[in-house]
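Both of the next two complexes hold subunit A, though its partner changes from subunit B to subunit C.
Coming up: the complex of A and B.
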């Protein structure tokens, strides 16, 4: 809810206040699930398949069973439960068939981790190795072996997805806008190219970990490093047919998620081990290797784009085909396909658009949500494509973008009308262009080129993203006042690093007009205690939970005003609040303090009124629709956050080595609630985007075995890899239904970093890299090819 | 099993320990100091950084028996009497913390740097924390926090921790 308040009157909103979780994290006091130890707790380990595709002929657990200290062993034969977010396609442990290397085929719970490990080694599995399906473009052909022959029997969310039984297509998303053929006919030029990127690992510093206890009467408690406690509970209950009231999910501090912990993961397996072990708590933490290949990754993508443009640079038609490599299970990949599908044209107006996006099963590690939810991947192609077209048209790439950006009155490819308050992508582009002195080389840059014998090159790229969520997504915040007038807020949105809790605390302090220090957001989420939240994903947290927090404050204030009206013998409409008091507007020295009303007001004779203060705020997205399955038309977006990156890179033309020396990023955040946290999201996302751009990615051998499941072979950026200069700018076009006008920005900073680098390399060297990551050796190879061609 | 005597955060201990147990697991499981985190168990991410006789080490690569007769400082030993050190305060102030899982190791590395070099240049800081992965922050605000802490610590030369 945007309230048109002069920023000067805001005491907390917009300020870079300290994180509310800073102290416990700086001292090591913050307790993560990996730190937890329960009385009588057992430790679990899993047995993983060495093959990407195989039939399980026999599992012999007899030797493992004899090992002292082993308390429970499970194999797929013991568990007849399927789990799945959108398509219920995955057994808790592989049953008869393994579908990717690293998939769990058996699990052990034992007194110690060592015993569990030894027991796993004693389990003997006999496999019949099968030919794996690895290439998604082959897997989509009609004669390909099927990864899921039973696809037609799985239950799935029918409103949003279209699996194609008898194929490897887990979902086919379609979008049709305007008349594509007519558009291409009217085009002066048509440009077509294909871009690709591999699977990538999220790399949360805390690997997935769960503790579960399945006690008599099917009473189950789960402690998990999960992003979304209520979704864990819901999917768990669906799989086991257990009432929601019986399952309690607790999420304390979480060591990073980035989408990888958004759904359900180890929880069902650990719970089943606990049940088998007679109700003892069981803990399972993934090793770093298992984080790569037992748990999910980001899907690989092949993106084909065909664009029709007029001579003046206006795009008139675009046909897009996305081939998402979902790996062995559909998990979030089907929704990544849907969400990237409706967003696939970027922040540009395309009058005639046609899209087919496929989620394709293969025998690889399965894909899930990852920061950006498909957008990092497809923007790699899209923004490289924009420069490619501009180059052919001999129009400056920035100018070409500005011709085509969405503006008030434009319609997106789903037919949604863009208006004055939707955000301003053009302004973001112009901001970063100015910051990097786009289009010119400064004197210092020229000097540096001479000194270092390097080439300095620049590029700008745009981006956008809306939350991918059910159209009816809702949340609740409950605020309780303590005896001293401080408050505690409960919500089930988790804060696994983004800083959203600090922003929500600022909003509450602002609304209630109490000191920021008097607001606590309860850090441990607990489905038994906290009110419902769907998931902590999609950059929707601040907007939905921020609004719910405002409504909870208003609810509490209404109760306080009612009480104060009685106490002060005043009309509620004549009351105001400030400095922890409710007072009469025309007689401010007549007031009642919050703390006097906190647990109900007591008159001097002992009579009480009111009762303890609680504020409840419920907020739900409104006006969003399911998309038409044939045309993709509808309104999927809670809000669009637009942004742009500008990069200055320095290249050694001899070796192909390059680095980003200056980055400038701009986002239309609507309203920045916490400036320091917002900057942290933008810098952190840029560097994560840099990792994706220059070094990260899954490498498989011809048998579908992952070759680099470690930090030795899958590098991520270190402190030495960051640009010398990093700038972050915020454009603030208020979102009229956002809290104080705010939009989400958590994912956006990671999008379009890679194409900016790719385009800058093209500008300097004339090389056309179409596959991510762009490693220095890839640049060197292209340069060598060019040299040979000469 | 071997009996070892050592100091952790100024406290003296004598303990029996299995020869194959890493210092990381020993600190977390036997001494109940869970501030030191495991990120990879292979000496690559730095989440388990502690000071061993004042030198930063990856506790996952050190065996517990190796600390016999030595002094260990973990993240729990940096704040004094419930009060954050200037470095920890700078981390808090600069939003150099997001999920917080790398933070203990990061602070230990930075603490060690400032002990060795009270006037670090930006490159020195980058060098000192290069072995500490952070997936959230992009490092910039961490570097700024360390620069700020160095600045804060400067005039108070005697106030060495």
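Coming up: the complex of A and C.
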């Protein structure tokens, strides 16, 4: 809800206020599930498959059962439940078949973690190793072994997905716009290339951890480090056929998620162990190594792009093929495929577009949501491709982009009309280009090159993303006023590090016109006590919950005005509010304080009116549609957040080593609610994008075993890897249905970092790297090849 | 129990020797523990007895004398060495190597002797110590002996040390004091990482060039001494003939060989030219 308010009149919105959860996190007072210990609690460990694909011939738990302190042992044979977000394809413990290395085949709950681990070691599993399916492009060939022979029998969300039974295709997303053949005929040039990237791990600081207690009468309580308490509850109830009222999910502070905790993970297994152990609470926390291959990762992608362009640089046709390596289970990967499919052309107008995106089952760790939801992966290819075309056309890459960017009147590849308030990607590109002195080398940069014997190079890349969510996604915020006029807001959107709660507190303080310090957002989410929220994903939290918060304030104000009208003997239309008072507009010294009405107003003789103050705000995304399954046409986007990155990199041409020395990022945030949090998100996202670009990624051997399931060989950037200078800019084209005009920016900050680096390397060295990550060795190897070719 | 071991914390070398005699291969010495504990937790190693040496005063000694050189006791941490002004002044190369080990908190625990006894091919202090002609003082209940570090390494994670012996200290001789030197290390990120390949070079007594290389063979290697007027290409040639790098997930053999050449050239330019 954009209200055209002069920023000067805003007291809290737009300011860089300190995080409301800062102190408890800095002092260690914040309680995470990792910290929790319940009376009588057991500890669980899982037995993982060493093979990527195998038949379980026999599991012998007899030795483990005899170990003192063991309270429950489960194998796949004990559990006949399948779980799945969009396709219900995963057993809680592998049953008969294991589909990836690291998959749990048995689990133990015991008095201590050590006993549980010892018991797991005593479980003997006899496997018959099978030939694993590893290469997604081979997996879709007709003779490939099937990872899920029963795909045709699984239930799935039919409105959005299209599994192809009898193949390894978990979902096929199609998009057809215009006339692709005609487009290519009209093109002056056609350019085609293939780009790829590996699976990546989220590495949240707090590994996945759940505690569950399954009590008599199927009353179940789950404490979990999860992003989406209501989705955990819903999927859990669906799998077990238990009423939602019986299952309570509690999410306290969460130590990071990045999408890896978006859905359901360890909760069902832990609950089943608790049931088997007679209702004792059971805790299971993944080790760092288990984060890599017991839990899910980001899917790998092969992206083929064929583009037809006119001589003047206008793109006229584009055919896109995405091959998403889902790994062993579909989880979020099918929706990553769908969401990146409708977004796959980037923030550019493509009159004739054709897309086939496949989610492909293989015998590898399964893919899930990861910050960017497919966009980091495909923008690597897309934005490298844009530079490739520009280079061939001999047009400056920035200019080439600006020719093709979406502008008011453009239509996206799903046919959505772009208008004045959709956001301005061109302005983002121009902002970062200016910040990095794009197109020129400064005197200091020349001096630095000489001094360090390096080459300095620059590039700019664009990006966009819309939330991937059901078109009818809704949320609720409830605000309760306390006796002293302070308020507590309840919502089930979690704040697992993004700072959204602080922004929502600012919105509430602004709307109610109370001091910011008088607003509390209850940090612990509890499905028994909090109102519904779908999930904390997709960079939609601030927009949907921010709107719900505004509506909750309006609801509370309406109730206060009703009461104040009686107390002050005034018309509600003559009332205004400010400084924690409701007053008569033409007679401001007649007022009633909020706190006098907080729990109902009492007259001096003891008569009461009103009742305790509560404000309820419900908000549902407006005007979105399912996409046509044959053409992909429709209206999928709550909002499009556009952005751009500019990088200045310094390269050592002798060793291939390089570093980003200056980054500039710009996003059309609509309206920045918290300036400090927004910058924090953008800096953090850039660094995460840098990790993806330079060092992260799963490495498998020929048997499908993960070679680097730890920080020893899966490096992530450290403080020393941060660019010397990081600039963040915000363009503010108000989103008409966003709170104060705001859009989400949580994921966008990491999207096009990698292609910007790839393009800068190309500009300086003439090398074409088509696969992420870009390691110094890759740069050196390409350079050596080039030197030899000369 | 899975991680179960009996923990001993002797207060003297005599007590330590008794424990080593009693338990032999069933026990393992704990100093920093930054490798040992990780391996035990991962189930890669299992010991019945862990003998913590941090409580033995003489093993915590870090000292320098003009006659004996620098003496680094077995419990001396990387940070202790790095923060020691004499070590920084007299054996700058060694401190530079130690500063590239892991991260700040790990350097507060990890020991120099541990880095050597662990005998990883990528041990960061090894190239520096090899260039500086470090000696290893080995003790047991039957006495003590000193061997050159270059003869101490036997293979990947293998050293010449009997179950009843322990390394009491590393001695860096006075002849190497004030040597000019530098260390170059290839990593995947700028933060803490194991060396993909690394080279140390020192100029001893202003006329001998010494080069040692890590992560390029089963053990860190030292090249034969070169006189100061040796051409850099010759050093590179000898280096490339001496090392035997492998292809692994961290780096390829080719890139390792290339970077050895680059580092020797750069170190030569920095120290000799």
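The rule is short, and it goes like this: the second predicted complex is superposed on the first by the 790 of 790 C-alpha atoms of A that agree within 3 Å, B and C clash if a C-alpha of one lies under 4 Å from a C-alpha of the other, contacts with A are read in each partner's own complex, and residues count from 1 in each chain.
Criterion: a residue touches a chain if its C-beta (ideal position, glycine included) is under 8 Å from a C-beta of that chain, and two chains touch if they have at least 3 such contacts.
Keep in mind the model is a prediction, meaning the values are calculated, not measured.
Trainee: With both complexes superposed on chain A, which partner does A:157 reach: first (subunit B), second (subunit C), both or neither?
Mentor: In the superposed model, A:157 contacts neither subunit B nor subunit C.
Trainee: I'd like to know which partner A:497 touches here: subunit B for first, subunit C for second, both or neither.
Mentor: After superposition on chain A, A:497 lies in contact with subunit B alone.
Trainee: Regarding the shared-chain residue A:686, is it in contact with subunit B (first), subunit C (second), both, or neither?
Mentor: A:686 sits against subunit B, while subunit C stays out of touch.
Trainee: Now for A:35: first (subunit B), second (subunit C), both, or neither, which partner does it touch?
Mentor: First partner only, subunit B.
Trainee: By the touch definition at the top of the document, which applies to A:27: first (subunit B), second (subunit C), both, or neither?
Mentor: first
Trainee: In the overlay, work out which of subunit B or subunit C sits against more residues of subunit A.
Mentor: B
Trainee: Taking the superposition on A as described, I'd like to know which of subunit B and subunit C A:719 touches: first, second, both or neither.
Mentor: Touch status of A:719: both partners.
Trainee: Looking at the overlay, what does A:5 touch: subunit B (first), subunit C (second), both, or neither?
Mentor: In the superposition, A:5 contacts neither subunit B nor subunit C.
Trainee: Tell me which partner A:190 touches in the superposition: subunit B (first), subunit C (second), both or neither.
Mentor: In the superposed model, A:190 contacts neither subunit B nor subunit C.
Trainee: Going by the contact definition given at the top, which residues of subunit A touch subunit B in one complex and subunit C in the other?
Mentor: 712, 716-720
Trainee: So in the complex, the part of subunit A that touches subunit C is made up of which residues?
Mentor: Touching subunit C: residues 114-115, 117-118, 121, 289, 654-655, 659, 694-695, 699, 707-708, 712-713, 715-721, 775-777, 780-781, 784 of subunit A.
Trainee: Once bound in the complex, which stretches of subunit C touch subunit A?
Mentor: By the definition above, subunit C touches subunit A via 1-4, 42, 103, 186, 188-194, 249-252, 254-255, 258-259, 262.
Trainee: Write out the stretch or stretches of subunit A touching subunit B in their complex.
Mentor: So the residues of subunit A touching subunit B come out as 16, 18-19, 21-32, 34-35, 37, 202-207, 253-258, 287-288, 496-499, 676-677, 679-680, 683-688, 710-712, 716-720, 722, 726.
Trainee: Which subunit B residues qualify as touching subunit A in the complex?
Mentor: For this pair, the touching residues of subunit B are 28-29, 33-42, 44-45, 47, 74-76, 78-79, 84, 88-89, 91-95, 97-104, 107, 125-127, 129-143.
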